[in-house]
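Next up: the structures, one after another.
Consider the two complexes below, in which chain A is the common component and chain B and chain C are the respective partners.
Right, the complex of A and B next:
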């Protein structure tokens, strides 16, 4: 248990000179919790797969790796655009910052469209949460991630509005960096999820 | 106090403590019935005592939440309460309806009560925790709506803060999810499925928002830490609560006839439910250690820290203990559940309401804090009740582990009742610790009547 006299890192801006955390500590606590949730789900996937290796390998073949790969590219690209947006804000260039964010949002929307297409194909094949253990994990993991992409897009849109209003400046990057960190987390999770569920057998 | 209409909180707090005493007395009766099966039979059968024990808990916590909201909202909104008269009228309606319901439970056979109160019009009775007659349920909705109207109007006409918004979200959620108590499908699976929308989404969802808001309010007051810092923590905590708690409902869906995927969803998400509680513990200690003032009410600070620790232990740790589907397969519905239930309710909701009362009651009585002498007695009450609940939980956990072993794992499993005979000693120990809890409660109440040098009403 924590002793009352050992204060934790504060949620305030740290004093100058100390190493700086990009974004707010609060968002990092949240990201950590999100990663734990995905981590627990990934572990459960690995555990169940070990008991049904043939079933998992067989049903994995039915997934569309091409669209999965395109989606990976889309998320990676959007993360790159978000980096450019942050860099633009650091140069006090709000207009390019907003444009990079629009590009990132467009990639995210592309991901959503492709994913919806993939889901409708899967539902036509009769994939449900109860049709097999693999299908359960495939739908649960990708849908949970899908919801995070949607939330990420809401956050990016809020950042875009903020950028257009010129809210982010070299000495006031907290909001932009926090949102960017969240979007990178969404990307990172997909980079684990895609090989794990679609590729590795 | 800063706004004179905050005074309507006082009767709510007094009623809450009064009903709390009733809850504990019925707990002791039941505890004795565990070991002396026909104690008070047939006057108060076990199932009736249990119903009164749990229903009183819920009702007094609701009184506590309402009183807390009536105290908190005017101060946060920086304006008088929309209608103090409405608040007082609702107080009497709720108290009389609650008392009549309990009298009905005790004086009439349950089936007669059901017949008299229109259960054949819309059957909602007979389900654990939702045993209230239809008219009482309707009354709860009316009181809740009038209450929500009152505090929402107050927030709307005044300053809007994160704390009052989170509190409103929690209280509206409480009212909305209670509506599922009117839905009672014939299909037992569906019935249980939606029953949890009241029970789980209350205590592991919207009530946690209320808890977070009340704790944040008291911490701002007693520590003087910047509102901005405290609100940021509050946002993190409620987000974590909702992310883990909502899908975490799945940990009740393992063995009731729902699809198998709930075992995964329930296990994964509910395994993370301790995180917001841990954040709450860190929050409380961190804020107190960074305090900018020494508030004269040290008892309230103790309750705030106690809430942080005990809610994490009771709701977080003891919940995690049996939340994973493969574990719950063996522990479902055993004394492990009872152990978790006792410490979680005490640590999270009882303590936060007593924390609010501890902070607000001296101010409502015209002083910043009680005399040192009264505070010392209150802290004795705190420690007696808290230590008692820890031991009640440990004894029930011991009983539960043995029960699981003897009845469900052993190569030669015993029947339910034969198992109960084997674990009787734990029930005796639990009963005696229950007596200790009652003593703690009496000491706590006595602290309200102790004079001495009061602290000036300037803080």
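Right, the complex of A and C next:
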């Protein structure tokens, strides 16, 4: 006999404690492919740097580590807000879920705005893809990541619409968890990119 | 139904840890510290932050074993390559 406030177990809910991947298997395959691409890029940066140490050290000095760190914190905070959104959906609270997603999107937009300022300052210094090996890596690595932030914001916006429509519930978390996993991946990659490109010399 | 995504309180404490790690990384950068020991320290900070994202925020703590090996393993592999590259570029 179930108490009135006990949700009915759905037929496809595994017993508690069974290992489960949060999100669709397909998004995780995609995430792994993305991680490998970024990983190859990071290794290429590190080994190229080993042959141009003075150049990399000199040109890295021109980067603004403060705005780089602010951007790191914006992505981390955005990821935290997405976790809160997922937790809200997990306790059947669609309105807070949607509000946390708006907060996450706002942080992501903040990242974009700061990055665009950084790029415009770099272009004023004459930084181009062909001006030096460091500039080539700096622009291509950060821009590759920047495109992922843009795609992530599109995904978060779709999740926000879904949350407003009350689509995510404790037994129907797949779409929300899949989008959340992608956004966390964008954050995870930046956690290597920031120390590697802005700090290590 | 068991919770896969933990409690808001835990997520908030971990967020504070992530911010603290970022400020430490920034301080090292502003200090201009260099050397293989500093690279190792930055790698450890990054790996700890990454583990929070991977195990808690991505909820892989509750995923099948393969995923708990492959995703953190990616980060260990990347930092190992960065450390080897840094070491190979040291003057000798």
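What we mean here is this: the second predicted complex is superposed on the first by the 183 of 201 C-alpha atoms of A that agree within 3 Å, B and C clash if a C-alpha of one lies under 4 Å from a C-alpha of the other, contacts with A are read in each partner's own complex, and residues count from 1 in each chain.
Here, contacts are C-beta pairs under 8 Å (C-beta built on N, C-alpha and C of every residue); 3 or more make two chains touch, one makes a residue touch a chain.
These numbers were taken from a predicted model, which means no experiment stands behind them.
*Asks:* Comparing chain C with chain B, which touches more residues belonging to chain A?
*Replies:* C
*Asks:* Given the touch rule stated above, what does A:29 touch, chain B (first), chain C (second), both, or neither?
*Replies:* first
*Asks:* In the overlay, answer first, second, both or neither for which of chain B and chain C A:83 touches.
*Replies:* second
*Asks:* Check whether A:192 is in contact with chain B, with chain C, with both or with neither, and answer first, second, both or neither.
*Replies:* Second partner only.
*Asks:* So which positions on chain A get touched by both chain B and chain C?
*Replies:* In chain A, positions 7, 36 sit in both the chain B and chain C interfaces.
*Asks:* Sort out for me which residues of chain C touch chain A in the complex.
*Replies:* Within the complex, chain C contacts chain A at residues 1-8, 11-12, 14-15, 18-19, 22-23, 25-26, 28-30, 32, 34, 38-39, 42-43, 45-46, 49-50, 53-54, 56-60, 62-65, 67, 70-71, 74-75, 77-79, 81-82, 85-86, 88-89.
*Asks:* For chain B, which residues count as touching chain A in their complex?
*Replies:* Of all residues in chain B, those touching chain A are 229, 232-233, 235-236, 239-240, 243-244, 259-261, 264-265, 267-269, 271-272, 275, 279, 281-282, 285-286, 288-290, 305, 309.
*Asks:* Residues of chain A touching chain C in their complex?
*Replies:* Result: residues 7, 9, 13, 16-17, 19-22, 28, 31-32, 35-36, 39, 42-43, 46-47, 49-51, 53, 65-66, 68-69, 72-73, 76-77, 79-80, 82-84, 86-87, 90, 170-171, 173, 177, 180-181, 184-185, 187-188, 191-192, 194-196, 198-201 of chain A touch chain C.
*Asks:* Which stretch or stretches of chain A touch chain B in the complex?
*Replies:* Against chain B, chain A makes touches at 1-2, 4-8, 10-12, 24, 26, 29-30, 33-34, 36-37, 40-41, 44, 129-130, 136-137, 140.
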